[in-house]
Structures are given as structure tokens and as C-alpha cells.
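In the two complexes below, subunit A is the common chain; its partner is subunit B in one and subunit C in the other.
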Partner chain A sequence: MNAPALLAAGLVDPFGFGASASGWTEWPTGIREAIRRGEVDPVRWSLVSDSDPARFARMDWMCRLGMMAAELLAPAWAGLDDAVRERTAVCVETSVGCLDTDVRFARAPRPSLFAYTLPSTVMGEICIRHRLQGPMVCLVSMRAEGRQALGQALDWLAGAEADVCLCLACDAVDPGHAEAGRLSGIGLPEAWRAAAVLLGRGDARTGGADLDGVDLMELAARACGRPETT
Partner chain B sequence: MGGFVGGAVSGDDVVVAGSGAVTALGVGMGPLWEAVRTNRSGLEAHELTVGALTQTVYSGRVPAAALDVLCAETPDLAASRPALLAVAALREASGAAADRIGGTPPERCGMAVSTTKAHVEALWRQVRGESVPELAARHVRPARLAADLASAFSVKGPTVCVSSACVSGLLALAQGARMIRSGAADVAYVVGVDLCSYFVLSGFAGLKALDPEGCRPFDKDRAGISLGEGAGAIVLTRGDAADEGAVRLTGWGSSNDANHLTGPSRDGGGLALAIRRALDRSGLEPGNIDHINAHGTGTTFNDTTESLALRSVFGAGPPSVSASKGMFGHMLGAAGVIETALCVAALGTETTPGSPRLREPDSDAPAGLAREPAAAPGLRRILKMNCGFGGVNAALTLERGRS
Partner chain C sequence: MEALIAELKDKLIAGFKLENVKPEDIPANSPIFGTGLGLDSIDALELVAILEQDYGILIQDRKVADEAFASLEALAGFVEANRKA
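And now, the complex of A and B:
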């Protein structure tokens, strides 16, 4: 197989958001801080596409960030027909997963929150939104740099099990809100970011990308033109 | 925790070298298989109180006496029940595999851990103001549990932790097989573990998904699931088709319904995709499958969806079908591993399992649904499948070599 082609990338982090198609947008006060202060309505802010805001509002922050990163791939989604979507794989890698949602559920169990107490739920939300039915896996690693997710995607492409792969590295721990961080012994890194890349099979036209051992966060940041000094 | 990037896939076969289990039936594959042979259920009724609500639920919890024995054997793990159960299952599996894997350098050993909620019970207790041991708090995070399990078995090759709802176990087996076939490891320890926690019980109770009389998969009176807890372990290694009597993991596949977060697609199309992908990878046709071990949760929609998926792939006359969750409950992230271990034992003994607690099959149950276990001389190929929240589906195929 030719080297895989990077079809699109999207990134959301505390400072701003970006897409490989449109470049990086820095938020003056930082996007996470702006949301925390109420200067930005996250539901309205998320409307970079025609996704359902009511559905978005129901999600936990892990799903919201993951969905935002996936929405930033929008121009590439439009090019995938139904047959390709049935063979579009999704691999999610996370470190903390939905731990903050777990704490909220443990405090006050309610059915609407229960579905979000799985780190793989973001995968389901993205699949529903974009009608993706290829191979799936959600991996939990210590740092969620996305190397494992990329490795899995390369395998699926090399084995012709998928035509396109979405790789997502996602964590949504806001130190200002993280209830789980206040529980002793659990220990949470500060991580509020999501990087998404869409990979296809490379050919002579698209060229290829050497992705062996690459950090997904760095790959997305480069593709989106995010300044290193932010 | 080191991951791995897959390389070229070799033609080597992936062989099951050993299995281990801790379930509501007790510690070991022995009690589990005895329950299969006698079609016995380990589900028991107990009271569940969440907030102001108390209800009777059936679940498959590891017996207290068995836990006492495990705590005495490994007192340093007594503070973390998921680690305690997983290590016990792994010890049994690696002991059974010793002839095949002995002497493998730690750098050539990998591990794939599957869990949905790790030690979420420790989080539940902390939120309620209780102090919990340091090890228990540490294992709230699945990646830390996986890293500690890898360390306990001196694994220095790739370690991955799969948390993909109720298909986690089958996907972890696929990860283990991938380690072997890519050349990243010669031995892959695969272990699935989950607890019957108040956290998860209260979630399913809130969804009104617990059968108050205990689960009865594919029964006309089924009314929901029963949760189970425990650990299953399978050791995978490299082998070839000439291995007499060895059970090979020949195919695996997954898919998404892209339909609903907590309910299956009504036509079974997503699950059928996963089954076809597993069959394609193994080079098998539906007619080559001798037996199917279903997901069989006991919810109305899941079981109906599975029946439709099987009809779609196998036509009106599928092979015999068993559903095992009436025996030990739904073990969530451990389900795929423990149910696959059961299938390996079925191939080894040429016996097809039954479906404990099944009284009267529903009119839409699979045609080949078996109530009782049965001798099956020549049994060679089994299809195993699971489905989960988020619309995920997974299937794998097992094949026993001719002996």
C-alpha cells in the first residue's frame, strides 16, 4: 500500500481551534477560559456546521470537544459517499476519558448522563452524526498522544479493512471544574483538547504522509497552522 | 504504558494457548465449565439501594468465599478488586499456556486489557465521603490498571487498554491477535475485567434495563439484563494450522450502527456487518460455522436485533446458537473475553453450550437456539459476537485444528 494520505485535520485546545482547510483561530482570552467565564456560549460556538445544537448541549465535555474536532474536518466529510462511510473506521484514544462525567453521575445518577459515562461514547456520537460504520475501537492510554490510534488506523488501511480512518485523541479535563481531580489518589493531568485527523489511502495524486510513530496532537497542530508559541 | 504501531501482517496463525476465569460460578475455568455442562446459573437476587429507591435485582457476583481465597493468595491486591480478579484469571491462563509460552522474553510479550469502568466503585465510595485505599483510587483510571497488570506479569512489549463499551473484550482479543500477527509480540495476554458496581447497577436501573427476575436471553418473557462481574483471560501466541487440536483465532471484525447511543439498530444491519467482516478475514462462509455464541443480553431490542442480524447473514437456518449471560450475567468489558474462553472450552470438549434460564424461546429467537448443552462431535468453528452502547458491534471466529 502507498503511504496514507492526510485528508483533513482539526484541533481544539484551551487557546483556540483550527482546521487544515482554514487555518488556526486564536481566541483572545483562550477559548476554554472564555467558555468558563460565559463570554462564549459553547453550544452556539460549536455551530461550525449544521449539527444539532440540542444534541450537542446534552453531551458531556469529552463528547463536545471530540465532536468539535471532528466537525472541523467538514470539507472532507462532504467528499465521502455512503459506500465510503460504511468503510470509514474510527479510532479514539483518551487518557482521562469521561472521569469527570463519572463523578457527576456518581453524585446524582440519572439516565440521561449514564450513556456519557463511557469513553467510547464520543465514537458513537461521531458515527451517528457522520453515518460511519467501519471498524471501531476506543483505547485508553496514559497520555493520549494519539500514537496508538494512528497505529491502529494505519493497520486498518494497510489491511484494506477501511478506506478512510478518523483518528481522534481527546481529553476534557478542565482544572477549574474537574471534580475528579479533587478526589484523592486518582490524579488527573490537565488536558482539555481534541485532535482529529482523517486518513485515506494514498495514491499518486494525493501523495502520502509518513505517520509511523507520530504524535496525533502534533500532527494536527502542524496541519492546522497552530503557532508553537501559544 | 507503551503502545505499538502495527507493521506488516504475517501469515502466522494466532493460537489460544490458555484460558482463565473468575465468575459468579467461582474461580477457574473448571467451575465455569461445570456450570456449562449442567446448564446452571450463578445469578442470585439481592437488594439494591440507590438514593431512596430499593429494589431486588439479580446479578452474577463473585462469591465472597472465592474473594477471600484470592485475597489470601495475593494480599497486596486485596485493596483493588479488579486487579485481584484479573490477576487470578491471568495466572490460570498463563499456567495453562506454560508449555507453549515458557521462556518467552518479556520484551516479546504484550498485553491487551479490556474494561468499561475499571475500579469505578472506588470513585463511587469517594464521592460519598468514604476513604479508599491508594491502590483502589489508582485503579479508577483504566490505563493505570492496565499498566499495573502488565507490570505484574513482567510484560515489556506493547500494552493497550480497550474501553469500548460491551465489545471491549472482543476488541481486546483483536488487539492481541494484531500484536502477534504484526510481529510486535510472540505472546499476548488478553484480560477483561469489570465489577458489578453500584455505579453501573444504578445506571441500568435508571434505564429500567434490569430484569427483576434475572435475565432470560431470547425468552418470550425476557425483561432486561442481569449484571455480572469477574475477569476472563486468554493467552494468545503464534502457531500454525498443523497444531493438532489447537484453537485458532481466525477472524475478527467490528462496526458501528450509526443509529442510537443506547439502543441497537432495529434491523441488525450493523451487527451483520461486523459478522461478515469477521467471516471475510477468516476466509469462511456462513455455512462453515458450526455454532454461534450470541451476545444475548436479555433486553427486548438487543435479542431481536441479534436474531435479525443472524437471519441476514445465515438465512433461515443458522447453526446452533447459545446465550451465556443467564449463567454469569453481563460482564460488560469482560464479557467478550470470558465468553470466548467458554467457546474455546466448547471446541476443546466438542460440546455446544446451552442457554441457562431460558424457558420458552421468543417467536423471533434464532432458529437454532439451544436450551441445553449438547455433545457435538466434530465441532470445529464457532462465531462469537457482542454489541454495546454507542452502537458498537464486534464478532470473531474460532477454529479448532483437526486432531
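And now, the complex of A and C:
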């Protein structure tokens, strides 16, 4: 198989969002402050897309971040026909998954929260939106840098189990839980970010990239033109 | 009844975080689910929880829910007839 080709990348973090097709945009100050306080509502779908998925406002942090990162691949999605989408795989890597939602659900159970108490829910939301039907898996790692997700995607592409793979590294840790993790020594990442890359098979036109062991977060940051210091 | 319908519309918008939806956008005589509001089966469960929490109404029968959720008018009539809070 030819080396895989990076078709598109997207990144959302506390400082802004970016896409390989359009570059990096910093959040307005008010939204940055809201994110720091752990507030969900100011980060609206309309900041990254003109479309209107009605469910976005009801999603938890993890799903919102993952959906936004995947949406930032929009130009590449437009180039995938239904036959390719049937063979597009999804691999999500996360460290703490939907821990914040699990805690909220334990404190005050609601049907609307229950749907988001699985870290794999973000995969389902993305697959529904982009009509993806290939293999999918959600991996949990200590540091969700996306190396395992990329490795899984490379295996799928090499084994011809998928023609295109979406790799997503996603964590949405509430500042309070991150602090609790530090104090307890568990070491929860102080993370609120999602990186998405779309990989396809390289050819003479697209070339290829050596992605073995690559940090997905860094790969997406570079592709999106995110400044190293923000 | 009009006041209760308006109250239920506000609860739908707030409870389901229906961004960009105004009360006047929600028809009183159309099905609550499976229409333009984009509500799904999880939302139906959430509405059952709202009715229990805000009006003391416990729905344990699918047929009862189907009739109550047929429209906002039907829901308002159901709430009026069964509310305990």
C-alpha cells in the first residue's frame, strides 16, 4: 500500500480552532474566559459551521468538541461520495472520555444526559452526521495524543478494511475535575481539546506521509497553522 | 389552556436547548416528535421526566404517552387533567 495521505485536519482547543483548509482562528476573549470557567453554552456550533444540527446544544462537552473538530474537515467531507463513506472508518482516542458527564449524571440522572455517559457516543454522532459506515473503535489511553488512533487507522488502511479513516483525539475535562486529579495524584490531563484528521490512501497526486508513532494533536496543530505559543 | 401551552413551549425550548427556536415557531397542533424540532426518543424520555418533576405526573404506559405527546394541545390537556403540582 502507498503511504497514507493526510486529507484534512481540524483542531479545537481552549485558545481557538483551526482547519487545514482555512487556518487558525482564536476564540474571542469572552469565549476563552467561559471555557476556562468550564461553561458549555458560549461555544456554539455556529462558530465553526453554517449548518444547523439541532442536537448540538444538547450534547455534552466531549461530543461538542469531537463534532466541531470533525466538522472542520468540511471541505474533505464534501469530496467523499456515499460509496467511500460506507468504507470510512472512525477511531477515537480519549483519556478521560466523558467523565464529566458521568459525574453530572451520577449527581442528577436525566435521560438527556444518559446518552452521553459513554465515551463512544461521539463516534455515533459523527457517523450519523457524516453518514460513515466503516469499522469504528473508541480507545482509552493515559495521554490521548492520538498515537493509538493513528496506528489503528494505518492498520485498517493497510488491511484494506477501510478506504478512508477519521482519527479523533478528544478530551473534555472540567477544570474542577482536572484540579481534583492533580490533587489526588491520579493525574487527569488538564485538557479541553479535540483533534481530527482524515486519512486516505496516498497516490502519485496526494503523496504520502510517514505517520507511524506521530502525535495526532501535534499533527493537527501543524496542519491547522496553530501558533506554538498562544 | 393557552397559558399552559405557552408554558409547555417554554419548557420544551429550555429543556431541549432549542437554539434559534421561538415559542411561535412551535405549532400547538402538530406532533411534538418526528417533526421539525428534531426531537428524538431520548427527548421523549426527557419530556416524561419533565412532566414528573414539574407537574407530578408519572407516565408508565406507552399508549398514554403516545396520546399525550400527539401535540402540544394534547399535552396541555393531559397535564391539566392529571397534574398534581
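Throughout what follows, the second predicted complex is superposed on the first by the 196 of 230 C-alpha atoms of A that agree within 3 Å, B and C clash if a C-alpha of one lies under 4 Å from a C-alpha of the other, contacts with A are read in each partner's own complex, and residues count from 1 in each chain.
Criterion: a residue touches a chain if its C-beta (ideal position, glycine included) is under 8 Å from a C-beta of that chain, and two chains touch if they have at least 3 such contacts.
The shown structure was predicted, so the numbers you read here are calculated from the model rather than taken from an experiment.
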Simultaneous placement of subunit C and subunit B on subunit A, clash or fit: fit
Greater subunit A contact set [subunit C / subunit B]: B
Touching partner for A:Pro111 - first (subunit B), second (subunit C), both, neither: both
Which superposed partner A:Leu6 touches (first subunit B, second subunit C, both, neither): neither
Touching partner for A:Ala57 - first (subunit B), second (subunit C), both, neither: second
First, second, both or neither for A:Met68, with subunit B first and subunit C second: neither
Superposed arrangement, angle subtended at the Cα centre of subunit A by subunit B and subunit C, nearest 10 degrees: 80
Distance in angstrom between the closest Cα atoms of subunit C and subunit B, superposition on A: 7
Shared subunit A contacts, counted only where both subunit B and subunit C touch the same residue: 110-111, 114-115
Residues of subunit B touching subunit A in the complex: 1, 3-6, 8-9, 50-51, 116-117, 120, 123-124, 126-128, 131-132, 134, 136-138, 140-144, 146-147, 160-165, 167, 171, 174-175, 178, 182, 199, 202-204, 206-207, 253-262, 270, 273, 277, 281, 388-392
Residue ranges of subunit C touching subunit A (in the complex, touch as defined): 15-20, 37-38, 40, 42-43, 45-46, 48-49
Residues of subunit A touching subunit B in the complex: 85-86, 90, 95-97, 99, 102-103, 105-107, 109-111, 114-115, 117-121, 123-125, 127-128, 130-142, 147-148, 150-152, 154-155, 158-159, 161, 180, 183-187, 212-213
Residue ranges of subunit A touching subunit C (in the complex, touch as defined): 44, 52, 54-58, 110-112, 114-115
